[in-house]
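The following pair of complexes shares a single chain, subunit A, combined with subunit B in the former and subunit C in the latter.
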Partner chain A sequence: MSEKRFLMGNEILALAARAAGATGMYGYPITPGSEILLWWAKEAGSEKGKKDGMVFVQAEDEIGASFMLLGAVLSGQKAFTATAGPGNVLMQDAFSMCEAMRLPVVAYINQRGGPSTSTVIYSQSEVNLTAFGGNGNGYRIVYAPSNLQELYDYGIKAFNTAWKYRFPTFLLGDGYQAKMMGEVDIYDPHERGVALVPTEKYLLEEKRDRPIDQVVPTPEVHIRNQDGVEYSCYRNCLNLEEETLQVNMEIKHAWDKVAHEIEEHETYGDPHAEILVVAFGIVGAAAKQAIDQAGGKARLFRPITLRPFPAKALRAASKGAKRIIVAESAIGQLSRLVKEELYGVTDAPMVEYHRPSIGISAEEITRLITELPEV
Partner chain B sequence: MSHPSAAQLAFPKCVRVESKPHLFCPGCGHPEVLKAFGFAVDELGIQKRLAFGVDIGCSLLAFDFFNIDTIETHHGRTVPVMVGVKRGNPHAISVAYVGDGGAYAIGMGSLLNAAIRNENVFVIVVNNAVYAMTGGQEAPTTLPGTKTITTPYGADNHYVKGPDLIRHLNPTAWVARGITTRQLELRAYMKEALAFVKENRGFAFLEVLSPCTLNWGTIDKPNETFEILEHKMAKVYTLGRF
Partner chain C sequence: MDTFKIVICGEGGQGVQSIAKIIAIAAFEQGKKAVYVPYFSTEKRGGVTEAYAQIGDVVPSYPKFEKADLWVVLSQRAVDRIYGFLKDDTHVIVNSYLVKDLSKLGRWHPREIDAGKIAKEEFKKPRVFNMIIMGAMVKLIPGLDRNKFEAALDHVFASKYAKDPSLKELNRKAFEKGYALA
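Let's turn to the complex of A and B:
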């Protein structure tokens, strides 16, 4: 049943995971995301939670939490973690392994100040880490919500995407959104016609709908048979360069096939406006207000998936733009992605507004739109 | 202790015959540990319920030893992975197979906390007092004065006694230390520990003293191998239930 509730961002995320059918949460306390843990601790220990088989583990550290999550996913549980900043750094170890084996882990990241411990408050400087962390090639899905309702919507969607496509999937929020309170529509996804993608056991599965080696890169899985029983062995350590080449190319191939289905973006404002603003997350929300304030001079392109990046849509949006403004609470993490996709496509000059680990208001973006000299 | 019969020394049923000869060095203790484990699995009839996690290092080479659902994890991360498997699937019998470096150095935080939380997993630590796969560096279990490639002047006086530590942290856990040269005792330990976790009675921990002939420099000196294992190591690392 759908209901309007006044909630904090982290509570919304906790509810989103529950609504998505998650039964396991493996975490370690870290500001600004800890309320997600608190909610799950309470819910998992309640009568209803126990009946539903909910599991909550407060691990010894983020390394432990992320590898427990990986184990839980191997066992077929719909499970997730939530972290931020230095915790996100530690979890890359497990996320890398998930990338190699195409394990559908879900992590809610609320970016805090960086580098290192820094502040517990806010930044947009975990884009590189979340999208490309680890010693792989960044085959992960990263959603960047821009308001509280999207925390809920994409908090649910992250699980479906992870299990449908079998890539590690992240919801990249930030400390402002995590701690902000507001009204949101909390609903049961089934009532909106959103079917929940079922999980599958990697280990101890008795009957599979499709062979597991169609999902996991071939050199990473060995199937053995004895007395009519199938045993699976998942490999994380390979012997040869040729094997690792094959793993990486199989992951890339799988990614290339589906990336266009996953990409999402939002455009806002007069499509003929000559200034194109690119921003994501909560800065994207501020940019939307700035578009209104600037009275038709600019339009917004907001990537909702930072990975895969909506490249085709951005290139289309760049047509007719005489200036491109990229605004982000980091130094060049978003603008690097934008430049990569626009290389050779547009001659429009790019203004990079980089405010690492501090919020960007609508007024600041409005000034960028209205006060820069005419192109 | 009586000598095992020829039949008892044959392969367990859950062994993956196609993968033999195994991948370990001549004289390595791992196959002995694994054999004892395999017989215990057979005796308890739990092959289909087992999830077997292997660490990075020589323990990794156990990945194709059995017809058992297996996951090669990441160095030091086998315990939390197998905790996750058990938490996610309470029906699973979850086993972590790790070396002394994976357990007591890089993975120590996770190991101790799994014991403190009394997780329903069985952790087997193969203690050969050295980092073997990477070529013979000092381990947390290397005994005082021992020369390794990272202790060219001899190891210092500190080393870790895993079972003592686990017992101290968890009074109800199943804890023991065995040795590869006492195969029937090892098999009995394996069976007890597996039954313990099968019944969800909490944390089970078995350390096994095991030779590394390659890095001990005794690959062609069996007498010396046994001397180090049974006298030097077993003297410091007490055998039995804890």
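Let's turn to the complex of A and C:
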């Protein structure tokens, strides 16, 4: 049943996880995402929550919470966490382990000011950490929604993507999206034809519930047969350089096969407009308003997945652009991704509008579009 | 209708967030599009707090803006804090109980509402302060029906009214008082 409701972003995310079939939430409260935990705690304690086997654990800190999540996923539970800022830093150890073991965890991140504790309010400065955290050679998926409806849609999708491809999957929101309230369409994904990807027990030497060839993608997992029983072996600790190289390359190969299926982006505005604005998340929403206000002078490219980054689509969008404006509430995190992908592709000058930890209004972007001297 | 932009600022604990949130919810309940975002930080009391709401037929996804159509200050230091949101035709409401210096606001002809005094002296309940302010605000927001708005308030406060039925009448009267004063 679909229902229009007036909700806060954090409530929408909690409802999305519930709609996606998650039963476990392991976390530690931190502004601006604490209401996700609050909602989950209440729901898990309700009669319906108990009947559905819902679990909520507030751990001693984010390190504990993230490893509990990992354990829950190994045992076959569809589970998630939610954090922000310094909590996101602390969870990177567990997320890196998920990359090594190809474990499908979901984390909802709502960016706040940084570095360190800074403010609880808002930023877009957790792109580097969320997309590339961990101690290297890991792969992960990062969705960046731009409005309350997308919090719900991608909040559900994150679970399907994680369990389908077995890479840790993040929904990267921010303090504005977490705390704002507005209208959202809450629906049962089954009624929209969205099937939920089932979970799998990943415990070392646990007998599988279904044949390994039905788990996609599978070949990178070491399968051992013993006495006619099939075991899947997950390791995050390796002995040899050669072995490590092999595992790293297997994970990379698995990523390269599927990354193009995962990439998403949105374009907006007149495709012939000479100014290309690149922005993501809530700043992408402001940029859309600006493009409407600027009357045909500019168009938008909004990466929905920050990793894998929609590079081909960005390169195509850069064709015909006489100026590229990158706007972000951080110092050069989105810009760096854009420059890496556009290197050697375009001669258009790039204007980098970096406003760390403060919102960027539609009016500001409109001025960037209309008040810069002609190229 | 064009999107109508509201900014309200006051001391933490005065109900700044509740006022903006309730207006947005009530607008949604009468079929308008609405979005609300708090300016939240670590303070609850002792700090200045701001809230933003937008109401209209189509409401943008970005929750903030630079210039407001309705500008409400509940304390003196809030004046400077959100001064930059004023434009030529902004409607201005001040809680004159705490905002005494109007020297910067003359050209906007502020509607001075002594909500603190009215709440204490006329209603004997300081808590209805923000209902008086809300009543004044709703009068200035185009496209909102007063009766439907009051019905939405009954819904928003349903659980409080169930515990204390006398509150409903009190809130309504305070709301209507503010409405009449604006």
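Please note the rule applied: the second predicted complex is superposed on the first by the 344 of 375 C-alpha atoms of A that agree within 3 Å, B and C clash if a C-alpha of one lies under 4 Å from a C-alpha of the other, contacts with A are read in each partner's own complex, and residues count from 1 in each chain.
Note that in this section contacts are C-beta pairs under 8 Å (C-beta built on N, C-alpha and C of every residue); 3 or more make two chains touch, one makes a residue touch a chain.
None of the values given here were measured: they were computed from a predicted structure.
Once the two complexes are overlaid on the shared chain, A:Tyr26 sits against subunit B while remaining clear of subunit C. Touch criterion met: A:Ala79 reaches subunit B, while subunit C stays clear of it.
Of the two partner chains placed by superposition, A:Tyr187 touches none, neither subunit B nor subunit C. In the superposed model, A:Gln289 lies in contact with subunit C only, and not with subunit B.
Within the superposed three-chain model, A:Ser146 lies in touch with subunit C and out of touch with subunit B [touch as defined at top]. By the touch criterion defined above, A:Met68 lies against subunit B but remains apart from subunit C after alignment on the C-alpha atoms of chain A.
Legend: residue contacts after superposition of the two complexes on their common chain; A:Ala59 is shown touching subunit B, with no touch to subunit C. Of the two partners, subunit B and subunit C, it is B that touches more residues of subunit A. Contacts from subunit B toward subunit A in the complex involve residues 14, 16, 47-49, 51, 53, 56, 60, 63-64, 66-74, 77, 80-89, 91-92, 109-110, 112-113, 117. Only residues 21, 24-25, 28-29, 33-42, 59-67 of subunit C touch subunit A when the two sit together in their complex.
The touching residues of subunit A, counted against subunit C in their complex, run 6, 31-32, 119-121, 146-148, 175-176, 179-183, 282, 285-286, 288-289, 359, 361-364. Partner subunit B is touched in their complex by these residues of subunit A: 24, 26, 55, 57, 59-61, 63-65, 67-77, 79, 93-94, 97, 201-204, 222, 224-226, 229, 231-237.
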